[in-house]
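Below: a set of structures, written as structure tokens.
Note that subunit A is present in both complexes that follow, paired respectively with subunit B and with subunit C.
This part shows the complex of A and B:
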């Protein structure tokens, strides 16, 4: 199952002076249960793809399959609603979308939109807030009184409360401090281990190496590479020419290799590198 | 060298009922042309400090001198002209319908002649790599692109002092490093003083001096290298541990002994290669 894109093209603001083509003939699959990363320079179309995955945008041409549902240019809102229940999309800076007067109400809002009773929605909200590390003392607070990192968690809990099978994260840790970033990445890892499919858009190659099992590389609206991170990051020069880069340790190992150190494959984590030094 | 900014014993709280001071006796100085990074955990008082310097908040006690002139209620507007301030979230600062209008806004207010204004806007957009977006709507750009525009807006004003409050946080690592290097070049060219609040290790590494803030006070002032040698403590200060420090630690558990606690990537590469090529 999972998500499949077939021959997808997308043009934004069609028919306006701002019209522009963002995606060209994209074919790809996001496997069920995978942790799939998307990388690409600014303007490569990553965010546009994310918005296609949950039906926020519909393709101008081609089809997006989510499990057995197909989204095309002519899809009706009624059909797309089911897709939105399955695929939870966390935008960049999701805290800007908080609006309710209390944290609990904000998180319980989403599920009620999908026909869940108020009681059940609040039960879900409590559960998901606990999951993202927001303790009960905050439940009745105004979300705008929280710190940026806490607001981000509340917004993520709001998506989790809709119980999606697939969680799409568009640069979920952008703008957070290192501690907040690590805590969120750990949360997503746990969600993945519990069976959720995770789709991550990121600029942090170390995160791709540490967490993802598959990676898609985009450039100006086209898919140029895809595969396992350990394979993709062997292409150091190519990725650098695209201003994407590789994990720090991969670059470090490549520099040693250039000096004459024998390395068959470049490691993508620090642990792997130390292992190679030890056992050759 | 003269001081561009001097801050003496600042005390501040947002609310009279607040138990502890948000800033509790903050003193430091920034030299003319210096690049000072301010780091510290959330709530340590970094943003509050720079808001006081820009006169956006008023201290309960203490003094602030900008280029030798004491900041008062009467001169706050004049002093603010010397300072370009860029916040983390540029959405709250956009006013123009297009990117170039937005960058021109401050210049227009200041009465810069049209011809000069066009030159400065063009230059500023080139510096931040956003020339191709001059006629786009700011609202439709990505977070990182918006931050570039906000920085262009500040640079176009040619202030003597630029204050960046996590102003590059939404940029990708490569783009951020490139932009910081560009900012450093502008600093050198115009002799600007830069204060930058950041969590980014690469940026801290490039700065002249680092101020660490903790619980509303200045915890320390040091070179980046001295700071990075503090190892695990860095986490508590809101920074990551440098990649090389982590690697050195892991290597040691495997019996590869690198003496120093912190080295640049190049230095570690040298040392490691020396060990490996002998083995």
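This part shows the complex of A and C:
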């Protein structure tokens, strides 16, 4: 199950003078229960792929399979809506989607669009707000009165309340302070451990190394590398030539190797590096 | 949105493109005044001929103008038919039950139709051949003399160019917010009217919120760069009134004079 892209091409504004091709023959699989990361430069097609995963865009050519549902160029909106329930999409700066009078109502908005009763939706909202660390005293506040970090959490709770099986995150920690960042990344890790499939679009290589178990590298609309982070990050020079970089500790280890330190494989996390130093 | 040609600029280097935006704006105002003198066949043909000549001079393809009229055709026809049915007088041409079409009503309807058509053609010409920014400059410059009456000319010009500048940004914001809400299960443009109107709220409120935030940030950024109003401010793009601008205005005035003598009293 999970999500599979087969021969997917995407052209935006087709048939107008502004036509442009964003994705070329993408084949990839996001396994059920995996923590898959997408990395790539601006304009590499990351955002386009994200919107293909839950049917906001339909492929111009090829097929996107979400579980057993297929999305093609001719898919109807009604069928796609089922996909949107399964695949929760957290956009960059999701706080800009808040609009209700109270925090609780805003979080309960999503599930109600998928036919959940108002009572059940509020129950879900309370549960998910607690999960993202928003305490009860904020439930009846206007979301616009909250701080930026709190708004972000409320918006993420709004997606979680739809109870998706797959959570797609587009740079979810952009603009947050280090503490807020760590807390959110820990939340996503816990969600993953409880069985949710996580898709993370990021340009923070350390996050990829610390959390993801699979990574896809995109460049100008093409998939150029994919595999386990520990394998992908061995290609330090290639990734650096694509302006993507590698985790800090990997770069450090590579510098050590250049000066004659014996290292068979480059570690991608600090823990791994400590292990190597201890046991050789 | 792609269909709306009004307000879109087509780059070019024709005589019309090179006119000072002020003379074009003034010509537009004059044109709208004198069009009310076109109340018979000769005067209308004269107006049409003048408009077509100017369109030819602009070297912009005629299809752009047809596309400019298209989205308005509904309103034009509605008004025309209204005029035809509710203006009474002259001989009765057709009578069905209480609906009576008279010769006076018919000519009045034709007049209204021409008026709409000509004004849309001419204003489309203005926006197709003038960049929005130079139009804003023209407004500012034309309002300058009224500053003695406390008209804030510079501020009005600035407001115009700022709002024009932010049209594409707002469009991007709208697309982004719509996508975010669609991901939360909102169906736009589906269901009955009440549902359709309700689905607009989740776009409008975030859009307002982000616009206010943006306006605040812009104001601070402008002040940080030393902006303090129009006094003593120089311009990078300077407007230049030349002989051809005099000629352009004169031709519209001449047309007006001609119409004044040929119109029905």
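By our rule, the second predicted complex is superposed on the first by the 280 of 280 C-alpha atoms of A that agree within 3 Å, B and C clash if a C-alpha of one lies under 4 Å from a C-alpha of the other, contacts with A are read in each partner's own complex, and residues count from 1 in each chain.
Definition applied: a contact is a pair of C-beta atoms (placed from the backbone, for glycine too) under 8 Å apart; a residue touches a chain by one contact, two chains touch by 3 or more.
Note that this is a predicted model, so its numbers are computed, not measured.
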Touching A:271 in the superposition: subunit B (first), subunit C (second), both, neither? first
Go through the superposed model and pick first if A:244 touches only subunit B, second if only subunit C, both, or neither. first
Tell me which partner A:89 touches in the superposition: subunit B (first), subunit C (second), both or neither. second
Now for A:203: first (subunit B), second (subunit C), both, or neither, which partner does it touch? first
Of the two partner chains, subunit B (first) and subunit C (second), which one does A:24 touch, if any: first, second, both, or neither? neither
Just to be sure I read the superposition right, which of the two partners does A:42 touch: subunit B = first, subunit C = second, or both, or neither? first
Tell me which partner touches more residues of subunit A in the superposed arrangement, subunit B or subunit C. B
Touch check for A:174: first (subunit B), second (subunit C), both, or neither? first
The shared contact residues of subunit A with subunit B and subunit C are 96
In the complex with subunit A, residue positions of subunit C that touch it: 2, 176-177, 179-187, 190, 201-202, 204-206, 209-210
Using the touch definition from the top, list the residues of subunit A that touch subunit C in their complex. 16, 51, 54, 56, 77, 81, 84-85, 88-89, 91, 94, 96-99, 109-110, 113-114, 144, 158-159, 162
Quick check on the complex: what are the subunit B residues that touch subunit A? 41-43, 88, 91, 136-137, 140, 142-145, 166, 169-170, 172-175, 199, 235, 238-240, 243, 246-247, 250-251, 254, 256, 265, 268-269, 272-273, 276-277
Under the definition above, what is the set of subunit A residues touching subunit B in their complex? 18, 41-43, 47, 92-93, 96, 147-149, 171, 174-175, 177-179, 203-204, 243-245, 248-249, 252, 255-256, 259-261, 270-271, 273-274, 277-278
